[in-house]
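One chain, chain A, appears in both complexes that follow, with chain B as partner in the first and chain C in the second.
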Partner chain A sequence: MNKEKGRQDFAALFNKWGIYIILLLMMVLSAIASPNFLTVSNILSVLRQSTPTILLAFGAMFLMISGNMDLSVGAGLAFSGIAALEVYTKSGNLMLGVAFGIFCGIVIGVVNGVITAYLGVPSFIVTLAMDMIIRGLIMIYTNGQAITRTDNFAEIGQGYVGPIPIPIIIVAVTAVVAWFILRNTTMGRKFYAIGGNAEAAKAACINVKRVIVQSYIVSGVLTAMAGIILISRLNSGAPNAGDGYALDAIASTVIGGSSLAGGVGTATGTLVGAVIMGLISNILNLVGVQSYVQKVVKGLIILAAVILDVQSKKKKS
Partner chain B sequence: MQDYKISLRHITKSFPGVKALSDINFDVRKGAVHVIMGENGAGKSTMMKIINGVYHPDSGAIFIDGKQVSIKTPMQATELGIAMIYQELNFVPEFTIEEYLFMGKEPQKGRGIVDWKRLHSEAVRIMEEEGVNYHPGTKIKDITVSDLQILEIIKATTSGAEIIIMDEPTSSISNQEVDRLFQKIEELRKKGITILYISHKLDEIFRIADEITIIRDGAVIETKPASEYDHDTIIAKMVGRSLENVYPEMIHHPGEEYFRVEHLTGGYFQDVSFYAAKGEIIGFAGLVGAGRTEVMRAIVGLDPIKEGKLYKARQEIHNGTVQNAKKNGIAMVSEDRRRYGIIGVRSIRENIALPNLEKVSTYGVIRHRKEKEITQNYFQKLNIKAPSHTTLIQNLSGGNQQKVVLAKWLLACPDVLILDEPTRGIDVGAKYEIYCLIKEMLAQGTTILMVSSELPELIGMCDRVYVMAEGRITGEVAKQEMTQEAIMRLATGGEKNE
Partner chain C sequence: MKKIISICLLAGMCLGLLAGCGSKGNDSDSGSGEGNKKMVYIAQDMNDPFASWLANSVKAVGGENGYDVSIMDGQADGAKLVEMLENAKNTSPDIIVMQPNPDAQVLRTIQDIQKNEIPVIVVNLPLPEDPEAVPTVICDDYTLGYSIAQEAAENLKENANVVILNGIPGMSVTSERRRGFQEGLLDAREDVTLLDELDANFNKDEAMDAMDDWLQKFDQIDGVICASDGMALGAIESYKSNNKDFSGVQFYGIDGLAEGCLSIQAGEEKATVLQDAMTMAEETIKMADGIMDGSITDCPTVTIDAKVINEDNIEEMIEFHKKNGLIE
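Our next item is the complex of A and B:
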């Protein structure tokens, strides 16, 4: 019985602090494996490279907390980013470009959300189909060619405020806002409620359908921000940008402690989860692991995280 | 101990925050029908789940035929000849009867290849023998609960079960079906099969019981032959005090008519009309499926209304959605707590605040201090037993969960509160506390509509009772003429003055 209790304590401890310990362990291991790791420039570059994934992870977190998911964020990212770039190069107004990109993200979110909530189609299917549709539209528009005329668009993704890259500032602000929404707003409460038990939420006077659409809009805005930053940093509107990012984002969120069953998740957890995902790539690069092997390793890590998540929940009940 | 088929010794089991069973001891004779009686939440189901290997006891031992056994999984229980017929049958709706009968033990020709021909002929033979009048290809979802029960029992006996556990098997079947079930139980007894029968229905157990074990608050009170008991002694032992104290004394004077429903028609009910006064509690009696819950859901805007009107304080009101119902001062506590009442993975505090977010926020921003103050107030007032108000609600016992659900609607201060089976599945102590809360709300002028399947509860609490059968109101019973018989007659479709 004591042994069992010990195991439960461990599970509780792991639930609370596990990912922070893993993050720390990974940083120590990386520092040992490569002397280049613990330099300011490397850390900043890891973070900057991770910004699209981190933003998408926050989006995935809001959706997962409210019991949904979005597999179309990879295509949504490219669409919004390219849209922003095109409007900017045609108008010469950077703010207008950014605003239009974010507007595209919102529209995609509304479409996904309305079909999921009001037509009752599972989000998995809706967003899978949406991913194909949007990606196809991008290919039609760009004819499969990357857009290379970017003028000063690169400023967003490559610029600095003092010593700190702009994307990192954007991520920091987003993290604080996400944390605030979840912890301090009625909207956050509603996200948790509909994901935890949609029927009980409905009985408690929550307009479940509207809240689902709201969560998709939040995710859409974050997706568009990720797209603008990515395309700006790469200095190229590649039509296949963001391919495969949706699953990375979902994986980051799960590693960060959000429950696939909905109703559970925190902003800090998601941030750490996404940084861990970014670090994995960085370390594997630094120690010279081939990119194909990296995929396998990443997959294994995601699997391990989900197994831990499921197992620790089983012990609790 | 050799004479006993199954014996429990010093079985103890705790769940987080609750001691479910403490030092349980009892013996069951071979071939006897042994009834376990106890209030909801007394620990009957936990005990049976331990015997069936679903739960593991913290300590204690189980003996079968005098030999100590260890039952870690339901599969091991099956190997030991134990079968359980669950209260809510865990059926597979899309299976056919014959597939279901042989589920997991299909006759095979060669390794892993189902011999459909033999399966079919065996199924037909068994069904004829047992008098189940269905085509063996009928899907499980298309047969009645009673038939499914009989199928479960057949399944158990054909797989060689010697001990069959039945968990409140009569809770959702009709009287004729009860007769059929009891006939089946009689047959099983003749075959020497031991039956553990869980119930809290007094009337039926004397028809079948050989021995009765009474449990209360997770402990065995006593085990005696059924012949040594009568209604009153069992109740006294089950409740642990005399029946007079189950309900608080209800002295109140309802005001003038306040809430009225006229000719309400919806999916499962027709032409339902009733009224209630300010500070009045009216009850809704009826059998399962009479349409009571559906009427309430329609009133509160969870289900659509086809026809009919609602009035509050002589003004017509339109709900349509729960949000509107709340604005109109009408709220409902659902019968299905897990499904409609709680958000298990969130804290007590969040659950209480959920329908009252506007009370604890400004411009969409939660004011944590105010929220804490308000929820803690109800936490204490309702005597919710939990380590703190940030405890996840799924870790609470049923009674405490129900108190949280009540708290969230008390906080909303409705003028009309609908309570659908407010005390289902909770222990006697918590019931009493909930009754006292109801009394307090009535004193404040709240109108309460209470749906309940427990007649003593309706009689003990309500000023008037409406009885429903098959989607219609079949009668109204005033306080002075309330008896279980009068209500049951109306509930089964009879006339009031027969």
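Our next item is the complex of A and C:
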């Protein structure tokens, strides 16, 4: 009897705090494995490296909660970042560049959202096609070569406020805003409603199509922010920037507890999921694990984290 | 609403097609016209800066020498390369030029094309199955790796600590450049210590992340040897974003791209080695002319020398890139 109760308590504890326990365990193990791990500079370094993935993961989270996904974020990231860089270098106005980059993200989000919601095409297909279109447009514009004139654009991705890198501050503010939107706004509740049960949401007079477009716009803004930070950090308009980032963002979101079926997800879980993704590479590099082995270990850790999470949720239900 | 969106999309597609036709018109301005020879160029991957530079150089030099060059993209995929070769054959060109994918076995497809009396030239890398089966213009990856490693061996201080950033694992371009690093530096200078090496897949961002981690792990790094300029530049940006002094660190890359040359000029990257896409393109067109007029009937191999670029000849290279439109 006591054993059964103990098991249930553990399951409840793990269900609520599972992803945080995994993060804590990883940090303890990493600190034991490498004396360089638990230093302020390394932790800041991991967070700064993870910035684009965290922002994309927040975007993926909003979409996943509302029952959609976006495979074009890698290309959207490069497009918005390069657009921001070009407007900045041509106008000399950093704010104008950033605003134009975010505008590009919004346009891409609107196009993805409208085709998905109003034409009923599955988001998987729409965004896959959009990825090809955007990547092609980038190649046409850059001729496949990195844009080398950057002036002071690197200040966003490489700069500091006091000892804290600017990208980390941007991520912290974004995390609070994302948390607030999901917990305290009507829009956040509508995302959960349409992802959980679109028919019920429709019956409750929610304009499902409009909410889908809104979720893509939010994701587009976050993608553009990630793009501006990444291009600025790289200090060049690399046309292949962001290649493969879409799947990292989706994996981070799922590790963070969002459901691919929609209606479930939290901002804190997503943040932790993306940080776990960044930590895996960092610690494997610090302990000198060979690149080939890293791929296996990374895949296994992602798999183990998701299996643990799914099992704990099953026990709860 | 659906109808309006569908109409907008169709209108967009039509505009895209018109734009496509328009750009074809522009191509003919660059030296092509009626009566020109038709060449299809198949690039390994137009996302790769060097492959894109080479493709555009062949198009430019070909245009000046009476060829209509259309470019197809192999998208770094062996299967796509076979598909593109078959598509190219179906357009009945006068000649096909192909940058091979080391992972793809395309000799049989090429032989099939040759049976249709369409000659094929291989450029940049040798054909993996049989390097002597087709006329070839190459600059081999081992030489590139060896040349830059030799430059590093001459410049690095005694008992230097180095790290290596490799390309995409499993590709011959990666293994051959790495073999060059081994023989040109690590075997030649036994006092040099290799602290660690990682695959950064030729990506600047992955190189930056790897370097970030190494900066936490190692107190003293004297040299960063990279299989591409992009990765060397990523390593430099990592030092900058970590506010670390890198005046005593030497960064070496490969490719001689405009971005790498600008970095050498700024005193950041120490040296790179050029795969001269323009010379490769000129030799390719010369070979195509020879095959077309019958003066070349066998399968010769022309090797382009690897040219080390450092502070001594950087201004000349900057001018070279300016002339080719790669630097404003």
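One rule holds in what follows: the second predicted complex is superposed on the first by the 290 of 317 C-alpha atoms of A that agree within 3 Å, B and C clash if a C-alpha of one lies under 4 Å from a C-alpha of the other, contacts with A are read in each partner's own complex, and residues count from 1 in each chain.
Keep this in mind: contacts are C-beta pairs under 8 Å (C-beta built on N, C-alpha and C of every residue); 3 or more make two chains touch, one makes a residue touch a chain.
In this text, all values refer to a predicted model and were calculated from it rather than measured experimentally.
S.K.: When the two structures are superposed on chain A, do chain B and chain C clash or fit side by side?
M.R.: Aligned on chain A, chain B and chain C fit with no clash.
S.K.: So, A:236: does it touch chain B (first), chain C (second), both, or neither?
M.R.: A:236: touches chain C, not chain B.
S.K.: Thinking of the overlay built on chain A, is A:205 touched by chain B (first), by chain C (second), by both, or by neither?
M.R.: A:205: touches chain B, not chain C.
S.K.: For A:268, decide between first (touching chain B), second (touching chain C), both and neither.
M.R.: It touches nothing on chain B or chain C.
S.K.: Given the overlay on chain A, how many degrees, to the nearest 10, lie between chain B and chain C at the CA centre of chain A?
M.R.: 130
S.K.: Chain B or chain C: which reaches more residues on chain A?
M.R.: Comparing touch counts on chain A for chain B and chain C gives C.
S.K.: Given the touch rule stated above, what does A:89 touch, chain B (first), chain C (second), both, or neither?
M.R.: A:89 contacts neither chain B nor chain C.
S.K.: Could you tell me if A:282 is touching chain B, chain C, both of them or neither one (first, second, both, neither)?
M.R.: In the superposition, A:282 touches chain C alone.
S.K.: In the superposed arrangement, does A:197 touch chain B (first), chain C (second), both or neither?
M.R.: Only chain B is touched by A:197; chain C is not.
S.K.: By how many Å are the closest C-alpha atoms of chain B and chain C apart after the superposition?
M.R.: 15
S.K.: If you look only at chain A, which of its residues touch chain C in the complex?
M.R.: Answer in residue numbers: 34, 36-37, 39, 41-42, 45, 48-49, 114-115, 118-119, 135, 139, 143-146, 148-149, 154, 157-158, 160, 165, 230, 233-236, 238-241, 243, 281-282, 285-286, 288, 291-292.
S.K.: Hey, which residues of chain B end up touching chain A in the complex?
M.R.: 58, 302, 321-323, 326, 332, 334, 339-346, 350, 353-355, 357-358, 361, 364-366, 368, 408
S.K.: Of all residues in chain A, which touch chain B in the complex?
M.R.: The contact residues of chain A facing chain B are 1, 183-190, 192-193, 196-197, 199-207, 259, 261-264.
S.K.: Enumerate the contact residues on chain C facing chain A in the complex.
M.R.: So the residues of chain C in touch with chain A come to 1-2, 5-6, 9, 46-49, 51-53, 56, 166, 169, 196-199, 203-205, 208-210, 212-217, 230, 233-234, 237, 240-243, 257-259, 262, 326-328.
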